[in-house]
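Look at the two complexes coming up: chain A is in both, with chain B in one and chain C in the other.
Here is the complex of A and B:
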């Protein structure tokens, strides 16, 4: 057990290290000079002033030091939770900008991923081997998964937002409101949350349902199911076993899909102008705010890694075979 | 007579048409009798075994009846068959190595299976039977992957016979095992009959020599039909059907079995069961085939308990 998690942690550590390094490299080796663009935005015409500002910012962002020093500084700052200062919202620290956006993204991703997984698995398992349902679930499921996130988001926004007018199509809350802890505001939040949530939920739902349906059919045709049927065991028992065994690959699937799901959420946020990390990335790109971009990416990578690690733990808890294998099987 | 199969015809529905895997099989099996069922790959042995306990979705009974202990088995009614399964007819499947749910400890799986059939687990009895095949009781607290292949096989044997079925079908239970383990499994099966856990048994195999050790009667099948059925000694010492004779010639010496020297020794191959030719199905490969063989040879009882389907036997 310890060795297993030790190995896993090492892999995650390495991944994180590579991600941080790449992240550090990108803005530094990318065309376009963030300092120049900031200075340009300040609209200063006097050359000495421009020079002074440039020196100030270069020093502030630590760009005047040798690369290896910058790299070490970067790690040092990172470990202190310091992602630098945003250029777009200068001089707000990047970590503050991210902190305000994260709750929105989490509120979208966590429920949509978990709910679509649970509901999709239940539904797919139920549909498998039930002709009528199967014939409807399968095509609908395929249409849903085949749909790009953005496309479904646009469709929903158009149908329920523009045509029917039931839901707002932009923002995390109404422009006329100030965030506070009143019921009216919470309802308003929920109202804005519904459509982006729904589009994420629906696209993922189809995939899980189809995956589960196929896994269940595979399990129901496996040897242990046939043996139980031959001994006259009721299909209730056999289906229970099949579901239990089919869930395991779905957990692995969740870990594998996590990156795609997060990417989908970021795109969906942009479509709905939802004030989460996705919109932040767009803003950062538009404003050449490399530090914000860097911070956001790092934050996402870290989040995905942590989620993956949690799934790993859950998998070990649910699959007796990995547990038995780790305890050292005796034959 | 504990089992009576009459004119049983079972076909597989396929896109190309019906595969006549069983084409009019008739035979009987007495109380306490072990019937060895042999024949080349694809001759319908597993189909017969499955027909007696659980037909798969593509199998259709086209005709014939199966009567066990005086009651007709509703073999093509999956629900009605449930009452007979496990209690009256049971199975040690060809795939015994993978027959146990990998994510359940064996104790829990057995308990849940028995409860689902309305039977309680008699732990002492279970452990006694496990001990009889050399399985320690602590095996119950393991997952199937923690058992060796031979242990899984023996565990399945014990589970399958837990409700003392009248008829046990053992399909190729020895194929995947080495020679000494094969002997042990054969001994265990004989022990099960001795102890009264099963009354009669159909022992399906490719291996004529091994069958001779365990079976009272041997039935040779060819292309979905009975070729010859007689007491084991008679089949081995005085076979009448040309196919049986060739099978025996393919073995160097009965009782001695060389690795991989199986039933592949006969030139030619059996006819397709999709559209089997008229007349004797062995005609293409038969060294003594004649004019009359263009007609189906009926199964005749040449001597008491010695049935042969051949014009020239």
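Here is the complex of A and C:
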């Protein structure tokens, strides 16, 4: 087990290292003079912002210093939690901008991912080998997984927001309100949260249901299932065993899908103008706020790595083979 | 997630005929490929027949679908159908380029790691796992934002460069199970080199698997490209289905009720990717006798 976690942590450490290095390299090895082109592209009207930006870039890049020194400085700033200053919201530090957006993204992504995983697995397991259900679940599942996240989001916003008028289609809360801890505000939050949540939930649901259905069919054909049914065990019991085996690849699948799910959350937020990381990225791109963009990138990578590690721990809890040091999950 | 069992090697000619026989009778495969083929032809021939530049402003903004404008017009009077057929083109281009590059890298890494084993495998596997964990879209965001991607081809290139790891992992696992077979041993004993064994002995025996991997990579590339376009980092030249969605969203087609602006592009992406997934299940049944419906 120690070897298992050691290997995982090594991979995650390396990944973070690669991500930071990429983040450092791209602005530096981009063709042309980075400082000049970025200041020019920033298109900032405030002269003090332009000046601060130029000074900050030159200072941060430390272009007179040798490359290795620049690289070390970059790491140093990062470890102090210094992501630079946002240009869009000058002079707020990038880390502050990100921390105000993160709760919204987490509130969307965590419930939708977990719920779609649980419900999708239940649904898929139930539909497998049941002719009528299978014939409906499977096509619907394929359509759902094939949908681009933003398109379902747009369709839902159009149907429930614009035509029916049941839900608001923009923002994290009503524009007339200010964030506070009253019940009216929390209800308002929930009201705005429903549609983005629903669209994320639905797209992810299809994939899990299909995966689970396929795994269950595979497990029901295995020797232990045949043996159990030959002994006369009730089919509910056999299905329960099959489910426990089939859920393991689905846990690994969850880890593999994290990147896609995060991407889905980002574009969904943009559709609903939800004040999370996705909208932040859009603003950063529109305002050429590269510090904000890079900060968000590192934040997302870090979040995905942490989620991966949590899934690894869950896997060890669920699959006893990994605990015994036998072959279970591959690193 | 498709589960694919290994296929026992048989005589090539007989296998091919048998596969064709079952392929022609497989409803999923035929429907899936049929839908993709129709949309592909529409993207291929549509721009030639429709004529006119896709982003050209027209005199009649915001008209609903009619005989003159099949899919209506945008706020700027652009013909949605013209944009749609051009967009289909770039969507297929991104899928082929992104999926193709990812498949080639995935195959190279997967075959070499799986066949050579040992330290080579350790290093390649570590590399695969590291890139696998990094969220693809986040990396592409950074790259596209800095480099300012202009053409569909470059967008496809970068998508391909970031999308290969899971394919490499799957191919590596598959190669592992093949490399201890007798015919591989025989080839090795007869003095064939690594490249020759991989190309002549191992790859042909999992060609169906490789093809299905490519299909999944194609679908993935199309979805990622549409997300990138939607965020505003799409190709700055030309049209794509994702860019259409982005424009519709940006110019509040939703609030104005211009449903004909945002429904067709999303529906086309869903149809292409969904049809490919269904065709993939059909292919699985064709190549794997265990899964065939009796």
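The working rule: the second predicted complex is superposed on the first by the 283 of 331 C-alpha atoms of A that agree within 3 Å, B and C clash if a C-alpha of one lies under 4 Å from a C-alpha of the other, contacts with A are read in each partner's own complex, and residues count from 1 in each chain.
To be clear about the criterion, contacts are C-beta pairs under 8 Å (C-beta built on N, C-alpha and C of every residue); 3 or more make two chains touch, one makes a residue touch a chain.
It should be emphasised that the depicted structure is a prediction, and the values quoted were computed from it without experimental measurement.
Partners chain B and chain C, brought together by superposition on chain A, fit side by side with no clash. When the two structures are aligned on the shared chain, A:231 is found in touch with chain B, with no touch to chain C. Contacts of A:116 after superposition on the shared chain: neither chain B nor chain C is touched. When the two complexes are overlaid on their common chain A, residue A:268 makes contact with neither chain B nor chain C.
Shared-chain residue A:241: touches chain B; no touch with chain C. Once chain A of one complex is fitted onto chain A of the other, the partner contacts of A:86 are absent, as it touches neither chain B nor chain C. Counting the residues of chain A that each partner touches, chain B and chain C differ, and the larger count belongs to C.
Geometry note, superposition on chain A: angle between chain B and chain C about the Cα centre of chain A is 60 degrees, to the nearest 10. Of the two partner chains, chain B is the only one touched by A:222; chain C is not. Here's the short version: in the overlay, chain B gets within 6 Å of chain C at its closest Cα pair. In the superposition on chain A, the residues of chain A contacting both chain B and chain C are 331. Remark: chain A residues 222-224, 226-234, 236-237, 241, 244-245, 248, 319-321, 324-325, 329-331 touch chain B in the complex.
The part of chain A that touches chain C in the complex is made up of residues 11-12, 14-15, 18-19, 22-23, 26-27, 30, 139, 142-143, 145-152, 154-155, 157-158, 161-162, 169, 207, 210-211, 214-215, 218, 221, 249, 253, 256, 258-260, 262-264, 266-267, 270-271, 281-282, 285-286, 290, 293-294, 296-297, 300-301, 304-305, 308, 331. On the side of chain C, the complex with chain A involves touching residues 1-3, 125-126, 129-139, 141-143, 145-147, 166, 219, 223-224, 226-227, 230-233, 242, 245, 248-249, 254-255, 257, 259, 262-263, 265-267, 269-278, 290.
Every residue of chain B that touches chain A in the complex is listed here, in rising order: 53-54, 81-87, 90-91, 93, 95, 98-105, 112-113, 116-117, 142-143, 145-148, 151, 156, 159-160.
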